[in-house]
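Both complexes shown next keep subunit A, but they swap its partner, so subunit B is in the first and subunit C is in the second.
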Partner chain A sequence: MALVRVISSDGAAFLVSQRLAKRSGKLKTEIETFRKSSDNSEAQPEIRIVTIRAEILRLVLQWLQQHQNDPVLPANQNEQDGRGDAEMGQSQWDRDFLAPMDLGIVMELILAANHLEVKGLLDITCKLVESKITGRTVDEIRTAFKLKSDFKGNEEEQTRLENRWCVEN
Partner chain B sequence: MLPIHTIFFQILRYCCELTQMENKLETVSLLDLPETVIELVLAKVPEEDILTCNLVCRAWKELICRKSFWKKRFQDKKLNLYEIPKCVQDMQGGWMILYSQYCRGILSKNYNRMPPCQKKFPNQQIPEAPSSCHILLADQELERNGIFTHSNFFEREIDMCYFATSFRWCSKSYKVDLWREGLKPGLMKLILPFRIKCTRICAAGFDCGSRFEWEIRILDSQLKFINVSKHPNILVEPRDDWESAEYSIEFRRKDANHLKDLRYVEFLHRGKHTPCWTYHSAAKFARSSMTVELCEHKPEDFDIP
Partner chain C sequence: MESLPTEVLECIFSFLPQDSLDSCFQVCDRWAEVIDKMLKKTMWNPWSANNPTAEAMLIFRHTAGSKFESAEHIAEMRNKISKLTPSERTKNPFKNRTLIINMKNTKDFTALHQGLPEMIKEFGGHVHHLLYYVNHLVPQSVENMWLIFNNMKNIRSVTFYSLQMDVVMEWVNRWDMSTFPTLPHFSELGFLGGITFQYIEVLANVYGPQIQKLSLRFVTANGDKFDRIVGKFPNLNFLKVFELDPREFYRRCLKHIPIRHLSISIGRERKELDENQFNLIDIMETLRPFFSEEFEILTLFGNLKSKCEDCSCNFDGFQASPGSPKSLKEVAIPLSLLGTHEFWELLLNVSNLRKLMLMETEDNFKNKVLGKEELQNLCEPIWRRLSSDLQTISIRSREFNKIFGRCFPVIFTCHRPRPQIEL
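Coming up: the complex of A and B.
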């Protein structure tokens, strides 16, 4: 089985099968680039992901492993089609996978999934964070995301006024 | 004195705790998150929640005001962003136009929600007309939903999409509540200069001519007239073709101060047969349309601050 070494920003190496790694758009490109530039077709590719730390990379690989037999979703799939939407793909396993994570980790996963081009994972993580926004009040969102209002002067009042123009009576 | 290996382990444990603490600190603070993540997430937030998100903090608001944010959404909904001129997209507050176009299609929809009748009645067979008015109600659902209101101008009857009249005056009307349709004064000001365009379609009977009139009224929120434009009688020859005409009212920079009063557009047309004896066929009105279009700037628009 052809393998590939994927190395995190903090130097941890993960040895995974190329078949699995290729389910990430980014890793697939990297492997192909490596193949083209290498004379030895047997050589094991090594890919450094400088933006993702070991803990997060491990989670991405774990997710890929679980979903290795799912059909690959094209990254540019139209959301309106409904197909490939997070809800469709979200299994009990996914829910258990995401349940223990705090919002910070989930956000890091989003970044990683985006960088590695793993659409399915990107969808479910975004959906999770989005659920902390949808239907919530401004204060609830600020609390959940540990954000503070940094509007100056009448900026917030101005935005409220603009919002009133955007809603029907 | 502790044995050396105990001290060693103590130090080791301390180090481990430090590393763990560091690990905890390393968890990305949500404030410092790269914009990409927020962008990815906000892209999925339903439109009604966008108006909460822009109140969270400056970074979020800034993102929502950005053209690229809307470009993606327009693509997903298969809407054409370029219906909105670049200068409107780029102006301060332009995001409100993008939002309203995205959610309510303020610049591309027909504000008159009557269903098109030509499609519903491809080969009009006009039934025998009673003495005053014959009305074909195609969709009574609409009336129950209270979209149209009765009033006593002319001997007006309200129809849903299409009606035929005999030898007495018969009229139809609709009233658009611009605010309810998502076009509020604040937005009107942004899209100046613009025009409200009304189009009417009608036809005479195949065997007799008809007379038509139409009128457009602009009303404020107390239903007081701001502007009334009446159009002269037109005569249509006996034939079954549909005849269309349009009229628009322009609002330019100089009108900016009046916009806060502008709320309803009422459109009515009426018609009757030219001969008074016929009842076999009748004058026909079909769906009319009302749209809001942006106009070209004229030099005088720039003189007004």
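Coming up: the complex of A and C.
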């Protein structure tokens, strides 16, 4: 079985099958680039992911392992087909996988899924964030996501008023 | 959350219901900007205004409260404004910054247009997207067109429909184009129905270089005028044309512009464009010399016919045309062409095809739920013959929605069957 060594930003190395790694758009490209530039067809590719630390990379690979036989979703699947892919694709395993994670880890996982082009994982993590937004007030959303309003002066009030009008409609 | 790139925020927001989207709009400047951009991209498509699609469904839901059809609608708005404090009264009154000026009947429309100048002068700066109906029986609707460009300084997209050329040109000829203001965000222009090319040319002279999306329907012009006009939109990357003879149009316009997204709709409402005279081969032959690296999305609507008499084509002996557009990544095509000679000719050489949508034109599946097995049977020949980059095929049918009283599209999705598990 052909293998690839994937190295996290903090230096941890993961040895995975190329078949599994190629389910990530980014890793697939990297492996193919390595093949083209390498004289030795048997050489083992080594890919350094400088933006993803070991704990997160392990989670991504774990998710890929679980979903290795799923169809690969195109990167821009939702644009024309509408929503629902995340809900359709979310299994009990996915729910158990995401359940213990705090929001900080989920955010890192989203960034990793986006960077590595793993559409299915990106969808379910985004859906999880969506569930933490739905039904909350503006202030609650800001608190949950540790965001500060960057509206200047009365802009916030203006936006709030615009929104009030919309809601009343 | 602050570190998430725009496309990821868009992905998260795309799952949100409208109420939550409204809340997110107020969280911070960046979120507001992303949502605004997203709504513009997904909701505002001039073509959808007259053709029910998923986008139309969204427009229908999201623009409630933005549609003005009578003086009463202005009065309602004024009444709500009067309840606000004086400092609040200049705020945006248009949901999603969209304004639709529509006609239900002449009497109401006349009354609406009497009150419109005052409303547009006061609140026009809040409008980002405008759909503007013009009717020659209500001359004020023509006269008020002038207001758009002079009072909507933040306008992004404008779609005119049902212009009557003679009446409009009488007014347009009186305009002093040198006084047209700068509209820095104006990038989308649409003309739906009865448009004179002179009018398009007038606007193209002023705003042509900044227009990126252009939609045209029922345009009356001869070939020379096409040449003259199209060169005035040098930065166009999206072109949608319907109810025109696409062969003539594209022969003349594609040599000027490296279009990325081309959308053609044929033979739905215009009887003189006899559907039988169009087939995919003719259209592709016309387009072929102009395919460029930028050409990625092709959408073909309508009842295109196959030239094949026996369209259970013998695939084994079939050679794809070497001139097929290799740069294509997304194709939407009528379901009726599935399996025909033209179908394979178009798709076999497209090595990077990622999305394929088959659009039902003859109501074969209307109000019917397509089961998994039925979908796989339809798609099976495509899985076998097209590149494995293509993982999903969508089939678009229609379903009557009782709540809205009209048909909306239903999209069934079929995924490439899983490969055998390697042991």
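Simple rule for what comes next: the second predicted complex is superposed on the first by the 153 of 169 C-alpha atoms of A that agree within 3 Å, B and C clash if a C-alpha of one lies under 4 Å from a C-alpha of the other, contacts with A are read in each partner's own complex, and residues count from 1 in each chain.
Definition applied: contacts are C-beta pairs under 8 Å (C-beta built on N, C-alpha and C of every residue); 3 or more make two chains touch, one makes a residue touch a chain.
Keep in mind that this is a model prediction, so the values were computed, not measured.
Chemist: Touching A:53 in the superposition: subunit B (first), subunit C (second), both, neither?
Modeler: first
Chemist: Between subunit B (first) and subunit C (second), which, if any, makes contact with A:34: first, second, both or neither?
Modeler: neither
Chemist: Does the superposition put A:148 against subunit B (first), subunit C (second), both, or neither?
Modeler: both
Chemist: Pick one for A:102: touches subunit B only (first), subunit C only (second), both, or neither.
Modeler: In the superposition, A:102 contacts subunit B only.
Chemist: Of the partners subunit B and subunit C, which touch A:134 in the superposed model: first, second, both, neither?
Modeler: In the superposed model, A:134 contacts both subunit B and subunit C.
Chemist: Now for A:19: first (subunit B), second (subunit C), both, or neither, which partner does it touch?
Modeler: second
Chemist: Look at A:70 in the shared chain and tell me whether it touches subunit B only, subunit C only, both, or neither; answer first, second, both or neither.
Modeler: In the superposition, A:70 touches subunit C alone.
Chemist: Is there a shared patch on subunit A that both subunit B and subunit C touch, and which residues make it up?
Modeler: Correct list for subunit A: 78, 80, 107, 110-111, 114, 122, 126-127, 129-130, 133-138, 141-142, 145-151, 155-156, 159-163, 165-169.
Chemist: Taking the complex as given, what residues does subunit A use to touch subunit B?
Modeler: Where subunit A meets subunit B, its residues are 53, 78-80, 102-105, 107-108, 110-111, 114, 122, 126-127, 129-130, 133-138, 141-142, 145-151, 155-156, 159-169.
Chemist: In their shared complex, at which residues does subunit B touch subunit A?
Modeler: Subunit B residues touching subunit A: 26-31, 33-34, 36-37, 40-46, 49, 51-58, 61, 75-78, 93, 96, 99-100, 103-104, 179-182, 184-187.
Chemist: Flag every residue of subunit C that touches subunit A in the complex, lowest number first.
Modeler: Residue positions touching the partner: 1-5, 7-8, 11-17, 19-20, 22-30, 32, 54, 64-65, 80, 84, 88, 91-93, 95-96, 330, 354-355, 357, 391-392, 394, 411, 413, 415-416, 418-419, 421-422.
Chemist: For subunit A, which residues count as touching subunit C in their complex?
Modeler: Checking each residue of subunit A against subunit C gives 19, 69-78, 80-83, 86, 107, 110-111, 114, 122-123, 126-127, 129-130, 133-138, 141-142, 145-151, 155-156, 158-163, 165-169.
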